[in-house]
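The letters A, B, C and D name the chains in turn, as written, and every chain counts its residues from 1.
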C-alpha cells in the first residue's frame, strides 16, 4: 500500500468494508465537474467542496420523486443536517468529471439517512463515500417535527421502495 | 425534548455521551463570528461552513507549537483530510460569536486525529462536535509518507503531551 | 419605482442603459439552479456566489471552442482574473433556475474580456450583469505572457468571430 | 513591466492611478490570513474569496460605529450589494497575512459606497482594490427604503465624518 500517488491514495484503514462499485448500481446519479473554485493549493478538490455536491445531489434526488425542496421550505418544512461523515479515498483533480451516487438508506420517523459514493464515470475509481442524516424541522414553530408531513413521507417512501 | 427552537434543537440521538463543556477545558480555542456569507436561507450557518472554521482552527493550533502550515507545504508535505465527521447539535445564527475548541486526540504513525467542539462563549451551549483525520503526504512523490518528518513529529508531540 | 419586492428590486441607477433581453440572444448559455449552499440569511443567492457560476460558464464556453481549461493549466498557461465587476438587478431565490449568458467581448493581446448576463429562463427577468477581464500567465516562469499560445488564440478567435 | 512573478504581477492597465499605500492611512483595517480553503489550484487566493473578506471587514467597520449588522437585519433592514468591482493587482499566497482596508466613500440617500484596498502588513504591496455599493432594503415590505433608518444614518455619518 506504500506507493500510491497522492491523488490516488487509498485510505489506510478498513474504512470501507466493500467499496465494489457495483454496490452503487441502482443509486441516483448526479454528475459533477471540478472547476477552479472547487480546488485548493494542492490542485485537487478542497475537502469541504464535496458537501456542496452532496446537497445538490440530494435536492435533485428528492425532485425525482416529486419533492421540490424550495416548495418544501416555502411550506414551512426544513430538512436540517444533523450528522455527516465523509471518507476521502482518492483526490479529484481540476477538470475531472465524476458521478456522485446517492440513495436514501433509512427513514426513521423524522430522521432520514442518505448514503453517497463519488465515483469516476467508468465506476472504476472511488473518490469519496459519505453519509448524511437529516431531520425534518417545522420552520415556523422552530421545532423538530413529530412526524413528517404526509406529502414528504409519501415521496420518501416512493424512493425508498426500490432499495428494498 | 419537544419544544426546542430550530436554532436550539437537540440532536435526537445519543450522539454525544457527555457534552459537558468542561470536557473541552484545555483545548485550543479559536473564536469565530457568523457573517452573512456563512449563512443559508434558514438564517443559520450552512452546515458546510463549519469545515472552513475547523481548518482555520487546525492551522492556528499547529502554529502554536511552531508549525507553519504554509511552510510545511512549501517543504513538500501535505496534511490531507481522509476522514471527517460532524454532529450538529444547535444552529448558529447570523452575528453570533462562538469558540471552536480543538485538540489533537491521536497521533498514530502518519495519521493524526483532531477533535472539535464549537461552543458558545460562556461554554453553556454546544453547537457542533466533530472529528477529523489527516495523513501526511509527500507532495513531490505523490505518496502517503511512511513516517512524519522529524520536525512535524516533534511539533505534534509537543501539543499532544499537555493532553496526557 | 417604489413598490418592488426586495427580490425584484431594480438598481436605482442608470447602470444598464439597455437591458433588453434580446441583447443576449447569441451568447453562450449556462443553466444554473439555486441550491441551499448558494443562499444567505435573506433567502436569496449570496452576492459572491455568482462568481462561481461565472467561472463555470466561462470554462464551459471555452470548451465549446475546443479549449479544455484543465489541459491549458497542465500545459503551463493560467487565465488569471485581473478585473471584475458585477451589477445586481434582481435577487435570485432558493430553487430558482436561470440562464447565465456569456460571450467574449474583447481579445486584446493577452487580455480577454467576457460579458455576462444572468436571466430568467424566459429571458424576461435580468438578475445580474457582469464583466470579467483575464490575462494569460506563464505558470512556470511566473509572468504575464507576451502573447497567447497559438492554440489558445486560435480557439478564442473561433468564438470571437460569431460576434462580429 | 515584463518580468513580474505571477504572484506579483502588475495589472497591465492604468487601473489605479495612484496606489501609494499612504492613500489608505486612515481607513478601517481588517487583518486576513490565507487558509487552504481560500486558495485554488494555482496556490493563490481564488478570486472570489476576496468577497468574503470584504463582507467581514464591512460588518466589522460598521460595528466600530455602533451598528451591529445582525441587529439591523433583525430590525428588518438589509444592506444589499447592488454593485461591486474588483481589481486584482497581485496574488496572495497560502499562509500570507494581509490587511484589508476599507472606508465608506459615499452616502447618498439609501446608497452607501465602500472602497477597499488589500495590502501587505508593511503597506508596500497592494493586492486588490475594490468598490462596493449597497442599498438599504425594508425586509418585511420587500422594498428599497426611501430613506435610511435614523439610527443607521447617524451611525454612518459618524464614520463618514473622519474622512472629510
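Basically, contacts are C-beta pairs under 8 Å (C-beta built on N, C-alpha and C of every residue); 3 or more make two chains touch, one makes a residue touch a chain.
Since this is a predicted model, take the numbers as computed values, not measurements.
Counted by C-beta pairs in contact, the busier of A-D and A-B is A-B. Among the remaining chains, the Cα-based centre furthest from that of chain A is the centre of D.
Once the centre of each chain is set as its mean CA position, chain B and chain D turn out to be 28 Å apart.
The mean-CA centres of chain A and chain B are about 22 angstrom from one another, to the nearest whole unit. Spacing of chain A relative to chain D, judged by their CA centroids, is 35 angstrom. Along chain A, residues 36-37, 41-42, 48, 51-52, 55, 73, 94 each make contact with two or more other chains. Across the complex, chain C is touched by residues 2-9, 11-13, 15, 41-42, 47-48, 51-52, 55, 73, 78, 80-88, 91, 110-111, 135, 137-139, 142-144, 146 of chain D.
Remark: chain B residues 36-37, 39-44, 46, 48, 94 touch chain C in the complex. Chain contact summary for the complex, chain C toward chain A: residues 34-37, 51-52, 55-56, 59, 68-71, 73, 93-96.
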